[in-house]
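Each chain carries a letter (A, B, C and D) given by its place in the written order, and its residues are counted from 1.
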Amino acid sequence: MRILFVGDVVGRTGRTAIADHLPGMIRDWSLDLVVVNGENSAGGFGITEAIYQELLDAGADAVTLGNHAWNQKEALVFIERAPRLIRPLNFPRHSPGRGATLVDTKSGKRALVINAIGRVFMEPSSNDPFSAIERELEACPLREGCDAIVLDFHAEATSEKQGVGFFCDGRVSLVVGTHTHVPTADHQVLPGGTAYMSDAGMTGDYDSVIGMQKEEPLQRFLTGIPSGRFEPAGGVATLSGIAVETDDATGLAVKVAPVRAGGRLEPAVPGFWT
Amino acid sequence: MRILFVGDVVGRTGRTAIADHLPGMIRDWSLDLVVVNGENSAGGFGITEAIYQELLDAGADAVTLGNHAWNQKEALVFIERAPRLIRPLNFPRHSPGRGATLVDTKSGKRALVINAIGRVFMEPSSNDPFSAIERELEACPLREGCDAIVLDFHAEATSEKQGVGFFCDGRVSLVVGTHTHVPTADHQVLPGGTAYMSDAGMTGDYDSVIGMQKEEPLQRFLTGIPSGRFEPAGGVATLSGIAVETDDATGLAVKVAPVRAGGRLEPAVPGFWT
Amino acid sequence: MRILFVGDVVGRTGRTAIADHLPGMIRDWSLDLVVVNGENSAGGFGITEAIYQELLDAGADAVTLGNHAWNQKEALVFIERAPRLIRPLNFPRHSPGRGATLVDTKSGKRALVINAIGRVFMEPSSNDPFSAIERELEACPLREGCDAIVLDFHAEATSEKQGVGFFCDGRVSLVVGTHTHVPTADHQVLPGGTAYMSDAGMTGDYDSVIGMQKEEPLQRFLTGIPSGRFEPAGGVATLSGIAVETDDATGLAVKVAPVRAGGRLEPAVPGFWT
Amino acid sequence: MRILFVGDVVGRTGRTAIADHLPGMIRDWSLDLVVVNGENSAGGFGITEAIYQELLDAGADAVTLGNHAWNQKEALVFIERAPRLIRPLNFPRHSPGRGATLVDTKSGKRALVINAIGRVFMEPSSNDPFSAIERELEACPLREGCDAIVLDFHAEATSEKQGVGFFCDGRVSLVVGTHTHVPTADHQVLPGGTAYMSDAGMTGDYDSVIGMQKEEPLQRFLTGIPSGRFEPAGGVATLSGIAVETDDATGLAVKVAPVRAGGRLEPAVPGFWT
């Protein structure tokens, strides 16, 4: 199976990058499954129903979230009727929506997509992601319950991300981190067969502070004083993510590569598909 | 000028990677300046005088540190007689050692190397890195005071790292982050001419949790209970860092590329030097 | 019912204060129920089986813990055979021991004692205390399931403690905070009938930094560098806690007062029992 | 000298408590010096010039601040013409205002009032409070430079507060903590002669979550989702603070007692003045 995961789409420029690049990637690379993190897609903060639909229209099979899940209040409501939108599964009990979803891939296979959130350096605190992930994997194991499993682990600390990676190794097709808005270069297939990358990076303007115009965050660092709102930077975005090819017999990864297109970052394409 | 910065060397396997790869890189790429972060070089925690000397012998012109600076108590003493060893300049007043040093490069130029530490998600807290960096840059400005400036900003949060990057843009040759032990893929020359990468990555075994054997950190994540010490992982290390070419007239960056050699990560060499 | 809760017993001097004062208080005030936080009773860090027994022998009906629960490794084992020792109920799944216990009081009534831990400013992070507490209260409601409920909420932030207080108001006899090692003076009966105090204070030497000899913590604040271990201060301890009288018909609080005896703090006795 | 320090005044109800109680206390107890923390006096967030004047009119000789100093933007400007308003002295370089002020007491003596802010569990991070305090004490030592020194240390962690207390012991008349909005009961004269209390408590409505109406904070604890703004609770406030009598020969403390008047908390008056 050919899987593409795309990191946090930030604001209008990020959505433009999705519209510009994603349909071509799906076509050119014959992708089976596309997962997009949309927690910053609406003005940098949260997601609306219209934007969720826009991401599906561009080719996303599932949309994941993170700590910014509820920044747009309508998400608390429409998530209930949005089966392909998932929020961290270790959010508080009684949170709206769900933390995992089974999707039919473009090639008719079944993929489990999970979203979980870290606890190290994350506020407010969430429930234990490890035991929450464990329960999902027990309920729908790779091969028996589905043909592929993609886990978006939305977290700050590399140690916690790598911990989740090894915890899932051999049981999940891809563990990919999000949240730092910077792509890492540590993509690899772990010893047990799980593709791993600490962070997919953001799909946004990299002439910015994590996707936001630089002036306000820099001012806050210098003075400790907010003087305005954070606004998404508007330069051309880089679509940033990770490509994985799995073995249909095992559901595990055989190849992994970074994907970067447009904007300021050095481009990257998965050589094994081109 | 040709500059190589190498990220946190972790334990014996990291030092072996330095010995194996660094001399060849210096020779093959005609490097002028090599800076190595050594905060984890002694068993994963801190640095000893013998290891500091070992890093110099392998070709480092300066060695930077971070939150693990003093894990080996002897560092509190020998740093006073180690002019090329620097610790974060925004450490508490009266800390031993210094936070910046002027070194003569292999080609006889003068380079200012600065080490600073972040405050977001870092314990214990340090003094304001921005004003500390400002003072250094005022005291020894690029071109007037030196031919190149390299800043190792040891920090957790990508936002703070990017904030420092833009704060220094046009005034520093290279701002490179360390501390997360994972290389990022956001290397770029910022609009003002400063080379930037959020994290250089570690020089260590990437089949690990930030360089440490996986079992103990994973156990702590699952149970919250320490059951032993952290021990460096012993697999073959990847040397991870960043290469920068500066314009001798301005001291600013014209080219930047990641460097990765050995171990599990995808190799990377600066195409512009080969 | 007459209830006494005693805050974190720190080291030998804290245990001496328990031995010196608790038996007399039980006798003089005809106490029905005594709960003691023992997370620092063994050399300042954790608890041993011998010390647990010592606290019971002095009159404790239940012993609660906190973030230091497992500092003495034997606690991981003996807690399984120690029915009156409880650790935070929102610890990770599969943690040894239990987070609540029903005890027969000295007067033959039944009291539910619960221990939970906060998440704001607490490391490592725990599961949601609110929903964990909710489940306990549903399983054993006041009056139907027991005659009194005491909740030791071990937490740092006053906001989270007060949040738990109001969350439990009318459903719990006493919500008392622990962990800061400083008694607060905000004891009150909340509008719904729950006795509340943000922190019971420690039972330890108040010529110290939270029960520890001052030199090492002060040195760390000044330099950021550990230079030795934390050792409990050895001056005469103040027993510090809170006294509550409940209405037998409702199980709710009618009177509340601080208790302080010995050492450096101003003494306090519940006037309504003397 | 007779000194009264009053903790964080929260909103309108807090200001009413000041107006109702402070003038009588000054008169009845013949106070020489009154310091009031005003960081929450304007609707719970920050301070305005009108409210600053109101606090002076009620008898405050100096007004201190904390992490909420700049919540009302006008404070950034009017603090420059408000000599008796001080903000934490370890705020970033170039912050407006000052962190210490010499005031003439009601009896014609000279008192140095200092405001500093902690770093443990405080965001955003500030510069080292210990070395900043050290510089102030060197510049204006007790007895040589002034007749009394009052330090408002605005911080979360009891360990850091006690650390500052012992650091100043023998050099400052009173070290009092603020910020947690809950009064502590650990008032004492430290071995060297400095009066100390970990937190003065807030001057606000104690039927609240740290002065705010309960519903919104409780909702956030339960769901992690903000659903509105924090609004100050409006019930009758308790004025909460600490009374100190110093020895005119040494400037050090001889007596210390908590002060609480009005509202829900148990009243407290300094017996030594009545």
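One rule holds in what follows: a residue touches a chain if its C-beta (ideal position, glycine included) is under 8 Å from a C-beta of that chain, and two chains touch if they have at least 3 such contacts.
None of these values were measured; they are calculated from a predicted model.
> Could you tell me which chains are in contact with chain B and with chain C alike?
A, D
> If you average the CA coordinates per chain, which chain's centre is most distant from that of chain A?
It is D.
> Based only on mean CA positions, could you tell me how far chain A sits from chain D in angstrom?
46
> If you average the CA atoms of chain A and of chain B, how many Å lie between those two points?
It comes to 29 Å between the two C-alpha centres.
> So which bits of chain A are touching at least two other chains?
92, 94, 124, 126, 130-131, 222
> Which stretch or stretches of chain A touch chain D in the complex?
For this pair, the touching residues of chain A are 70, 76, 91-92, 94-95, 124, 126, 220, 222-225.
> Looking at the complex, which residues from chain B come into contact with chain D?
92-94, 119-120, 124-128, 130-131
> Considering the complex alone, what residue numbers of chain A touch chain B?
Answer in residue numbers: 121, 130-131, 156-160, 162-163, 166-167, 180-188, 190-191, 198-199, 201, 206-210, 214, 217-218, 221-222, 258, 260, 264-266, 268.
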